[in-house]
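Note that the chains are named A, B, C, D, E and F in the order they appear, and that numbering of residues resets to 1 at the start of each chain.
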Amino acid sequence: MIRRLLPHPYLSLVLIVVWMLLVNRWAVGSLVFAMMLGIVIPLMTAPYWPDTARLRAPGKIPAYLGLVLYDIVKANWDVAMIVLFKPRRALQPAWIVIPLELRQPEAITALASTITLTPGTLTCDLSEDGRALLVHCLHAPDPQSVVAEIKSRYEGRLKEIFE
Amino acid sequence: MSPALIAALPFVGALLPGLLIRSGRDVAAMSCAAATFVALLGLCLHIPEVMAGEVVTARFDWLPSLGLNASFRIDGLGLLFGILILGIGLLIIAYARFYLSRHDPVGVFYTYLMLFQGAMMGIVLSDNILLLLIFWELTSLSSFLLIGYWKHLPEGRQGARMALTVTGLGGLAMIAGMLILGHIVGSYEIGDILNAREAIQASPLYLPALLLILLGAFTKSAQFPFHFWLPHAMAAPTPVSAYLHSATMVKAGLFLMARLWPVLSGTPEWFYIVATTGLITMVLAALIGMFRDDLKSLLAFSTVSHLGLITMLLGFGTEAAAVAAVFHIINHATFKAALFMTAGIIDHEAGTRSIARLGGLRKLMPITFVIGTIAALSMAGIPPLNGFISKEMMLEEATHTVWQGNAHLISVMATIGAVFSVCYSLRFIWHVFFGPERDDYPHKPHDPDFGLWFSPALLVVLVVLIGLAPQFFAGWLVEASAAAVTGAHPHPHLALWHGVNTALLLSLAATVGGVLLLVLHPRLLALRNALWRPDAKAIFDATTLSALQLAHRVTERFSNGSMARAFAAFCLTVILCGFWAFLSGNYAGAVRPMLPIQPIPLIGWVLLMVATGCMVAFHRIRLLALVLVAIIGLIVSGCFVYLSAPDLALTQISVEVVTVILLLLALNFLPKRTILESRDGKRGFDAFIATLTGLGFGALSYVVMRSDFAMPSIANYMLETSYKLGGGHNVVNVILVDFRGYDTFGEITVLGIAALAIFALTETLLAGASGRRLRNWVHEERRAGARHPLLLVVITRLILPITLVVGVYIFLRGHNLPGGGFVAGLIVSIALVSQYMASGFGWAQERNRVPYHAMIGAGVTCAAVTGLGAWFAGYPFLTSTFGYVELPGLEKFELASAMGFDLGVFLCVVGAVMLALNSLSRIARQAGETVNAEPMDINPSLFKGDR
Amino acid sequence: MELLLSSAIGVLTAAGIYLILRRRSFAVVLGTTLLSYAINLFLFSTGRLVVNQPPIIESGVTAYTDPLPQALVLTAIVISFAMTAVTVMMALGAFLEGGDDRVDMPRADREPGVSRIEAGEGR
Amino acid sequence: MEMIGEIIVSALLVVGGFFGLVGSYGLVKLPDQMTRLHAPTKSATLGVGAVLIASLIWFPTQNGDVTWHELLITLFLFLTAPVTGNVIAKANMHMNWRPENIPGPAEDTSWSTYAHPQHDRK
Amino acid sequence: MNHILIAPVVLPAVMGALIILWMRADLLLQRVFSIAGTALLLGVALYLNWMASSGEVYVYRLGNWAAPFGIVLMLDRLAALMVALTAALALAVQLYAFGSGWDRKGWHFHALWQFQLMGVCGAFLTGDAFNLFVFFEILLIASYGLMIHGGGPMRLRAGVQYIAYNLAGSTLFLAALGVLYAVTGTLNMADMAARVAMMPAEDTALLRTGAVLLMLVFAIKASLVPLHFWLPSTYANAPGPVAALFAIMTKVGVYAILRFYTLVFPQDTVIEGVVMELLLPAALFTLAIGQIGILGTRNLGRLAAFAAIGSVGTLMIAVSQFTPQATTAAIYYIIHSTLAGAALFLVVDMIGARRGDLWLRLDGVMPGNGLIAALFFATAIAVVGMPPFSGFIGKLLVLDATRDTPQAIWIWGTILVTSLIAIYGMSRAGSLVFWKAYEFQDVPLAKMSPAAARPGPIPTKLEPDEHIQDLGDAASPALAASAVGLLLAGIVALTVFAGPVTRFAADTAAQLHDPSIYLGAVLDNQEGTK
Amino acid sequence: MIGFALGFAYLCFGIAMLFCLYRVVFGPGIADRVLALDTMTINAIALLALFGIDKGTGIYFEASLLFAMVGFISTVAYGKFILRGDIIE
């Protein structure tokens, strides 16, 4: 019953937050309306999200987000320096392949997004069998270390959260 | 019987053959004859009154403001022509019954004939010149139909068109002439006009009116130089020729001259134009007629000649000449109709009308011989036949007439004309009936049945009787009609014998000369064949052909299907007219101060300029052009934000993205590049026009922005009352859903219609040739495998619901903040589009439960019903109301009826956008697109175990 | 600012007209799109230019820009969107049916018995 | 308090402006299409993010109204940036790169951009 | 407040919406409801005429807003007449569409038809300049849909031209409205009139520009040379009944010119002469180009289109005089040319269905059919303005109304000379089409079934899970012919009752040329509004 | 101080816009231009936010939000067009 009423509970939560951010007012009426939306809209869009995302350890999400945020700021600075000061010829771009252990689409998406959002790396493609990500690095003198860092720093954590 | 009824009877008769044709040819003919007979009877009943000098009138108001009324009159002239038309008409109906073959559609023939008869009766009985004009043109039309009656004959088609063109030309001139005449008199009633001789002849417009009216009369009566159409009208069946082209229609011109004789004649202009034209026509046509080989052609030219004779008489402007003219009208009608019927009999029985192939018919066709000979002798003016008398009168008048101080010119010329006339008349007799019998006639000739010779025989009897006792048989009619023509009361004494006078001597000379010419005919013919002579038909054909080609060229120039030409004309027109309008007014100068230019708007301006320039430079790379469209749209939206129009910015940017998506969908099937086709010169010209237009419009907008409202804008009221009376803080939204909600109602209808049109077009395309072409479609471009990338699909699963929430927010807050039903609809559409882009339209569509058609219908209905709701409160359509509602436990919120309206807008927008996308997607699927089973290409969670 | 906007309107118009004068329907569509930008800006500017006075009633604020042209432009935008959609579709249809995306009517529209190849109007 | 708010906001604005500029500069400076793709999707993200956060902080310090709208936009940008980067990268791969010049994922497979989806149905 | 004023707009709108909502897959239902809707519209229109005949001008204040702030609908004699003409024309032509089977050659014919009527009626009734634009767009977009109904390469190509040209026209419309608003600060036509009358004489340049640009917009709709380029291919390629309905479309432009330049910009205001000086030469050229086109074209469909242009020329000559007498003539001619033009398009369509094409060739004769030939000749006579039909009377009225103008000689000369060209062209066309072959027996009318020969596209699905009901061979040539007969009957009635009609037209013209009642109705006495 | 910071940020994003324009004009590829458009959108959002701070109003929030959505949708659309031709297959 709950499953049928709330096909994607986390989505419902997100929507409630989004509505409250939108109306910009903490009032009971708004919350009630937000909850109505949180129920109705996922029901309406449920056909387009047929399978369900499982979260094994949702509690670890904030820590992960903090880590990513920190990495974004740090990497931004690095990339800025590269852009500003590194001569074109000294730039060593590289394609790297990241073998995936994650299986859930949502988890892979999270990983890919993290890679893209942290400057210097960019998720370009998924392999045909879904077991590897193609990542482009702006400046990677040592591509293998990048692969290792991504796998340990992000994939591992995401695996804990999702699977 | 009322004159109106007499004029109407033939038209009633015209309906009968159509209704009765299934009963057979005889019934059709009988019914027409009956109608004609009744009309004739009705007319004759008025003879006593007319003889007593009365004018019988009937009048119905038709279009009094114009002066066009259905007024009819019977006076002597009308009586004369009426008797001719109906009397000869009766004979023609009988004659035609036997003349037409069983293959000819007789019902059609009689209908046309009766239409014509009615039109003629209308002309002669009209008491209003505008009404007369109507009947006048009707004769042209019905004669067009009759000449073209034998549709298989090309000469029939050409002759009919020629007749219509020439008489149509005259008719149009006459319209102008009659309108001028009516303008001078102040009335179009003939009764009034006939009393206004002084006013007319004193008017400066007299000459134009005269010329225009005479142009009509001359073309109708085939006067030089419009004489050429009549012989070509001989393609009509002989009964038609006999009726229209000898006895009636061609006399309409004469009738008109006679009708207006009291007010138009008597001036030098009249004399020189009319008499001279008549004289030339008489002589020239007789000369041509002498050499014609075709019997009907000979008769046609003789008709032209005789019409010229009568015209000349009318042109003399004296009462005696008018009497002669009237009398000759009668005589000519009798003998010429008889002659045409004779020619028709010969054609019918011998199978040819060519004089060269005839001869010696005297013994084979004795009855025809007698009839034809008597009629032809009358035409030649041989006593004691009626033609002689009127010709004598003509010569008599001619001797009294002085032309430019020359006392003999006219009589000499008239005599020469008479010589020719005698010649062709005798030739008709001699070359057809006399000489040896031949053995090479197309058919073995013999006299026809009684039905066919009865009518001409009757006419010939009249020829003889009038000749022998003119005063008894025709005097009264001539007197009455001459009285009507001249307006005086002449008492003509018609007699066979006037004693020996100049006219008789001239007549004698003419007869002798005619015989002499007949003897010399073969040599003259050879001489004439050796001479160059203008071929009127060739000239006419060349004229019409070049007119046709000219018209074609002009038409091509003004509609050659070139869009660029159309647009160039459009731009130039707008620019020239706009400049002219501006410069011809008073410009008070720029009054409003300008806003200072800030750096960021300046950068925006640079962006816009460069992007627009790139657009022109790169437009042939179509995808790039679309990217540039998006950039321009972005900057324009930014401009709206900067200049205090947040709602505009929202709408502009969301519309732009949907537009780009539609364009991308279409571009998938269109060529990806535009070929460079225009030459440099053309591009230069286009650039010139574009620059001119841009300068003009830019300047206009500058002037507008620097000017002030001449009077306070109505927008101030809206700002004041938007919240108080409209219940919304967002004035733009209140204007949209309340002040000008009706506009918005129209606007969403436009959107809905657009989607319907797109859908309908798609279906048509798919069902037609395009559908077949699409089934074999091969995409030009190499395609990647990334159909539904995982990343996109997963993110969209979040984006879609979030965007929907945003849509709800924008929808609800629109009345007070930027937003509203329209933008919300677009946002929801965009959200759905993102879903379709992620997982494909087909896949997503299968999960959609709302038909888009229904959304559009429901949207329009919802808006309309919200609007109509106001009726129940007694208010006009779209009157909105609002209130503040408080539900327990929740804070107060506003509920405006305009929200119902906005909901309609919302539904319509979503339905329309989605239906359009649906259509494009259907095209793609027709072109071999498949529908994916899974929402994403690669779903690693579905792959179990190791690879 | 008025100069910037009016010159922008002029340039958009000129570019739009130039594109409309091309011979292929896609360019014409692009041209009409540019033209509609130009006209929207123009219509908007008839309320005269004002910075940061959006027509949204707030207490204490007295100066607002003219809201009426904005409402008119909104209507115009929507309508021109609908028109563009139909034009695009029709251009696509004409291309699919006729095999080329010219806008000029071929001679076969006006002359009997002219095939497109003959008239030099193939793809 | 107001002063501190102003300082933070100013700092965030400067930071945002800097990264925004650098991101777009990278678009001009970087040598090929793949490297150019890095600059804007990152620096611009932080650049805009900083400005939005500045805005988020600015309003409460000025008039006490808290507005969370900017957070929403930031969220939205962070959510969508990976997708746009991904799509443009794929487009680049499709248009400008041959599969041979990119390291392959494993034996027998290729990157999805170069693959052909199998499970389509008519 | 009389709610019936909004009916000519809401009725077709709701009818169109309902057709989409509930009957989109059922042609029979569509036919029934569509024709019922049109008939009802005609009834409403006649009632409106009865109302307007009192001489009063009725106002309907939408949203209950006072003028000039809200939008108003205005009913005067002219508006009522135009609405009635539209409804009558639509009814007859709709019967033809049934009879010829055109309505089943594609989708949404009836919905688009109703929306087209909505647009046309709305344009006639509105009293607001911008709302006029909106309704122009409605009628245009519906006409785009109708114009390409049935598809085909040439028709679609012509459709692209039609829509592109009119997009440019709409752009110009907005520009003109923008200028007028920027000067007068209002959109309500009556209010604008009042403000124009008070306009200072030293600042007229912008107002003049706006007035002229607006005139050009209407000139496009009316297809005045040199803004006529869109018309020939459009009308010639449009489906017969659609082209026939379009006979009212050019009249919308003419109506708007009449309305605006008698009400808002009458001749005696500061913008004096600005329109007259342009309009008359354009009208004369239009007449000439149209009539020359009748002779110069090689296609019967284009011939009908050029005839439409020619009729606009004659009409605009009368309009350009802006005198009550000339306006009377114009109003009479509007009715005449609408009926005659529509009838001509229908007859041409019948010929096309019969003959396969419409080229005017020597060998292009159609199998004889007396009825079609008779209909063609009757229509042609009406169109070229020969007696006995209303075209002649209309022409007389125009000639009569223009005789005192300084340009009379040009006007008369052009009208009369081009009439001759048209007569020759029309007779040539008719004789080429009907007279070449000689059939001894007529092919029965029943064999003429245009749509039956070419079955329409009937897709299996409209939207998912929606199946379409096919009426099969739904064409009825007799119905089609009677529809033409109805139009001709209208022409005959217009001829016979020319007196009463011109009296009505004169009253209408008088009302137009004395806008005080109109202005008073809108601007004074606004009790009950918000 | 905030004024200077605002001016600096305005300038940065303004110049950033011009940098994007450079890529629009000189490409060379279509993907470069799409990327430039995407970046422009983001810069525009920043400019909107700056404008809001400058004028002390939150009224332009909806526009920013919509810019973000539209930037995303159009970039994906162009990308899909390059990849597949049909963007909603």
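For the reader, a short list of remarks on this structure follows.
The rule we apply is simple: a contact is a pair of C-beta atoms (placed from the backbone, for glycine too) under 8 Å apart; a residue touches a chain by one contact, two chains touch by 3 or more.
Predicted model only: the values in this text are computed from it and were never measured.
The chain with its CA mean position farthest from that of subunit B is A. With centres computed from Cα atoms alone, the innermost chain of the structure is E. More contacting C-beta pairs link the chains of B-F than the other of the two pairs B-F and C-E. In this assembly, the C-alpha centroid of subunit C lies 23 Å from the C-alpha centroid of subunit F.
For this pair, subunit A with subunit C, the centres built from the Cα atoms lie 41 Å apart. Per-chain Cα centroids separate subunit D from subunit F by 11 Å.
Spacing of subunit C relative to subunit D, judged by their CA centroids, is 33 angstrom.
Counting partner chains per residue, subunit D shows two or more touched chains at residues 18, 23, 25, 37, 41, 45, 67, 69, 72, 76, 79-80, 82-83, 86-87, 90, 93-94, 106, 109, 112-113, 115. The set of subunit A residues that touch two or more partner chains comprises 18, 22, 109, 112-113, 123, 125-129, 131. Those residues of subunit E in touch with two or more other chains are numbered 130, 134, 137, 141, 144-145, 148, 151-153, 156, 161, 164, 168, 175, 178-179, 181-182, 187, 233, 297-298, 302.
Viewed as a network of touching protein chains, the structure does not reduce to a path, ring, star or complete graph.
Interface note: chains touch in the pairs A-B, A-D, B-C, B-D, B-E, B-F, C-E, C-F, D-F. Interface residues of subunit B, counted against subunit D in their complex, comprise 782, 784-789, 791-792, 795, 798-799, 802, 930-934, 937-938, 947. Chain contact summary for the complex, subunit F toward subunit D: residues 1-2, 4-6, 8-13, 15-17, 19-20, 22-23, 29-32, 34-36, 38-39, 42-43, 45-46, 49-50, 52-53, 56, 58, 61, 64-65, 68-69, 71-72, 75-76, 78-80, 82-83. Residues 20, 25, 28, 32, 35-36, 38-39, 42-43, 45-46, 68-69, 72, 75-76, 79-80, 82-83, 86-87, 90-91, 93-94, 97-99, 102-103, 105-106, 108-113 of subunit C are the ones touching subunit E in the complex. Across the complex, subunit E meets subunit C through its residues 130, 134, 137, 140-141, 144-145, 148, 151-154, 156-161, 163-164, 167-168, 170-171, 174-175, 177-179, 181-182, 187, 233, 236-237, 297-299, 302, 357, 359-361, 364. Taken together, the subunit C residues at the contact with subunit B in this complex read 1-24, 26-30, 33-34, 37-38, 40-42, 44-58, 64-68, 70-71, 73-75, 77-79, 81-86, 88-93, 95-97, 101, 103-107, 109-110.
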